[in-house]
Amino acid sequence: MSGLSPLSLVYAVLSYAVTAVFFGGLLHKLWGYAVTPNPLNIATTPAPATRGGVIVSNIVNIATFSSLFKGNRWTWIGGYAFHVILLAVFARHLRLFLHPVPPLLVLIQPVALLGALLLPLPLIYLLARRKAVDRYAWISSPADYFVLVLLLLIGLSGLGLKFVSHSDMVGIKQFLLGLVMASPVDMPPHPAFIIHFTLVLMLAAYFPFSKLMHAGGVFFSPTRTMVDDPRERRHVNPWAAK
Amino acid sequence: MNAKGSIAIAITLVALIAAPLLYTAAGNGLFTKPPAPQLAKAVNATECVEPAGWMRANHMNLLTHQRDLIVREGERGRKYRIEGCATCHTKRAEFCDRCHSYAGAKPECFDCHYLP
Amino acid sequence: MATIQIAGKNIEVDEDGYLVNLEDWSEEVANSLAASEQVEMSPNHWEVVNFLREYYQEYKIAPMIRILTKEIGKKLGKDKGNTKYLYELYPGGPAKQACKIAGLPKPTGCV
Amino acid sequence: MAKADFELPNIENGVRVPAIKPGAMAHVKYHPASEAHLSKTGFPANRVDNWKEVALAKMNELMGKYKSLQLFLDVCVKCGACADKCHYFLGTGDPNNMPVARQELMRKVYRKNFTVGGALFGGLARAEDLTEEVLQEWMTYFHQCSQCRRCSVFCPFGIDTAEISMAAREIMDSIGAGQKYTLEIIAKVHDTGNNLGIPKNALIGTLEFLEEDVKEATGVDVKFPLDQKGAEVMLIVPSADFFSSPHVDSLVGYAKVFHAAGISYTFSSHASEFANFGMFIGSYDNTKKIATRIADAGRDLGVKRIVVGECGHAYRVAYSFWNTLAGPFDFLDKNYPVPTHICEFTEELIRRNALTLDKSANDEFTVTYHDSCNVARGSRMGTEPGGQFEIPRNILKAVCNKYVEMDPESNREKTFCCGGGGGLLSDELLEVRVKGAAPKAAALKEVMDNQGVNTMAMICAICKAQFTKVLPYYDIPMEAVAGVHQLVSNAIQLGGK
């Protein structure tokens, strides 16, 4: 890390620290979800009676948010739009971490850019929703607003970087690759990028300790992932088994 | 779901998220200087129309902004022309394309203009 | 445990006002409990209470409602041997309200 | 009609989502359990001195034992999809009765004591310590949840508030702050084998009475056998069937079905109860003890099959948990599911044309069917998912000429609970029960007004007891409540007479 500017040094250290916190926290949480037993079969029925059926129903739910759709169409529209757009934005950013860039990523750039442009809309909608309905206002805490505002700021600063205050993308990619390859180089001292990058680091550090863990947790929910076959197959409770 | 299945899912999830980083680290090696685009030297001039640092971040502004003015609004006689770029940066493949493929960005200039 | 005062005697009752000790029961206590439930005791009311107490002496549990209605039908005439009539006597329900006045413990479970 | 000393929700034209009324139900408190009942069920007899530490230690233990609890405390995003799905919220408007807010009562303590963010930024994270005040909230609002699982259907992550309220109740029990209604009953079932505490001689007397009563009405010797070793089937019913009306009418129905089918069966005095209140308080040990009692009884009696009666949460425990808690049931005939629901048993006989049914016997009734919450969302009948909806309906259509469906938005998978389940069927909670019944009462009222329905059939002892008590508050007569096998009983032709 010798020869780095002070700013680059600070951000290199921060980046590694956040990466460690993110992956450490993620592993810790997911490990907890994975190894904690289900003492009883608590599938919410009607549920598929086969493992294959459960996998299909979970894929459908995760891909379409079908249970939320059943629950509230207005929340579904905002939530689903946000998540699809977020996925597009992730895809768009992958080119900055991959070298060489796979051709497919180049092809999807226009679509992904459209996503990035739209990102603030569902976020503003979701924010307004929390304020507008008395039930949602009651359950919303500062933490719930914090996540939405943080994501909104990340989106806006990203758009600023793209359309208002350009920065040296080659330099940024070099900086990011340097971090990934454990050989940090100087970060382009561009204010818009520094703001955008700092906000992203905050989000990543916050992720494992927050409700954002729903992104991992959704794969483990016992009411959804257990097979409805308790009469046919004896479910053994790991901590009660002799 | 049994514990083995759950652990497999947990590991898969983390691996998926880490995949881009692992791909890059494995493909390019650790503790080596990150790859950078190698650009052909400019000919015919020693300095660009604007400082090099500014050009790295903002060259597309000149190109797209002026395109809009010239082509769409018919305003002629602007300061810079893409032909001007080509007088120094003579080989697209050794200059423009190097950075653009490095960053995975497709330039729009060559949808209309032909540069060798 | 709460207590209530009836005729100068302190009598222990549970949270719902049921007697804790069956032996504390007397006609006076029954009348007082009935008053607190806004039930005015008629001879027909007493038939129910007396049967409940007899049954309880033998079985240590209140009778099934069906048994009670049949018994009341036998004693007071077939037209009164039904749940509807018992609810007329004890609007709070023959199982709970009548048991309370008869000094029986409150029936528990999905009832 | 019953008069309420509180304001009733308006059920005309369905129940609308109310504006929130903070604290509207905060005044409802359960009766505390006595020392005897707490001790009998394995809990401290009185509130322990260091109750906060004990409670947090218990919470930590449960998070390590139950994936559901650990995950559900973490992953809620507070999207609010569940907020208007709970019948208690719809009936009361109390925001703490929104499933997400009910969960928050535990989640805020979780954040304070088990997460970095909560420990660092208490207020911003809405993290709170387990104070006396918070404990009082737990006591109140975790006893305004009937563990009906309706919220879990609509949650993007399948978060089931029942799991959280069960854990909360186990934590409260473990510090000696339990609820009288459930613990007294669990203590009784451990002692006498049933929730009512019916001693064996009273059970014998009751069954003999029923034999005479049915003989009088039909002229046929329908048997109600007790402890008959070597019978083909052991029949386990909620003990309310031995006591209450209309419960007993379904009991008579089961007996007639066995008689008509010519299959020998027996009740057990050792296990004369199907309901398992251990689940209501999240107590694995108590749930297991009650379930094991039934398995033991079946083994002792040497039966080949276990058939269970009309009881909702009990069927969930039996269907989903028995095999784990008291299995393997390898002493039984492998050709039949363990347990077999009486509706599965009867419907199979109907499909084989083994019963003679006279539908016209029920012509005075226009019948609808109420899906009981824990049958609907915690179990299955038959081999196909959703069999728990079709099989009871098939029976009703076979025994009644006039059958009408309620709004599917209030029934089937989305059924509204009766308002009395999960350990709430206690008189001090009457206000909660009456208000919580509003959504289902509205659905019933709609088919009563528009399609002439006068009878709602169901297969749950709690539903029957709850509805007979609370429907009169909504000007619906208690006679509208019926068991499915009560209607079978009316229609079944036994020959003889």
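Each chain gets a letter, A, B, C and D, in the order it is written, and its residues are counted from 1.
To be clear about the criterion, a residue touches a chain if its C-beta (ideal position, glycine included) is under 8 Å from a C-beta of that chain, and two chains touch if they have at least 3 such contacts.
These numbers come from a predicted model, not from an experiment.
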Intercentroid distance (Cα basis), chain C paired with chain B, Å: 90
Distance from chain D to chain B - Cα centre to Cα centre, in angstrom: 65
Geometric centre distance via CA averages, chain D-chain A, whole Å: 39
Chain C and chain D, separation of their C-alpha mean positions in angstrom: 27
Where chain A touches two or more other chains at once, by residue number: 33, 37-38, 220, 222
Residue numbers of chain D (touch at least two other chains): none
Pairwise touch network: line, ring, star, complete, or other: line
Interchain pairs in contact, sorted by label: A-B, A-D, C-D
Contact footprint of chain C on chain D as seen in their complex: 2, 31, 180-181, 184-185, 188, 194-199, 201-202, 205-206, 209-210, 213, 238-240, 242-245, 247-248, 273, 275, 311, 425, 427-428, 461-462, 464-465, 469, 478
Chain A-touching residues of chain B, taken from the complex the two chains share: 1, 3, 6-7, 9-10, 13-14, 17-18, 20-21, 23-25, 27-37, 53, 56-58, 60-61, 99, 101-106
In the complex, chain A residues that touch chain D: 29, 32-33, 36-49, 61, 65, 67-68, 70-72, 75, 79, 133-136, 138-144, 146, 206, 209-211, 213-214, 217-218, 220-224, 228, 230-232, 234-237, 239-240
List of chain D residues in touch with chain A within their complex: 17, 19-20, 22, 63-68, 70-71, 74-85, 95, 98, 100-101, 104, 115-117, 123-126, 149, 152-160, 163, 284, 288, 319-321, 323-325, 327-328, 337-339, 376-380, 383-386, 388-389, 413
Interface residues, chain C side, partner chain D - complex: 14-16, 59-67, 70, 83, 87, 91, 93, 95-96, 107-111
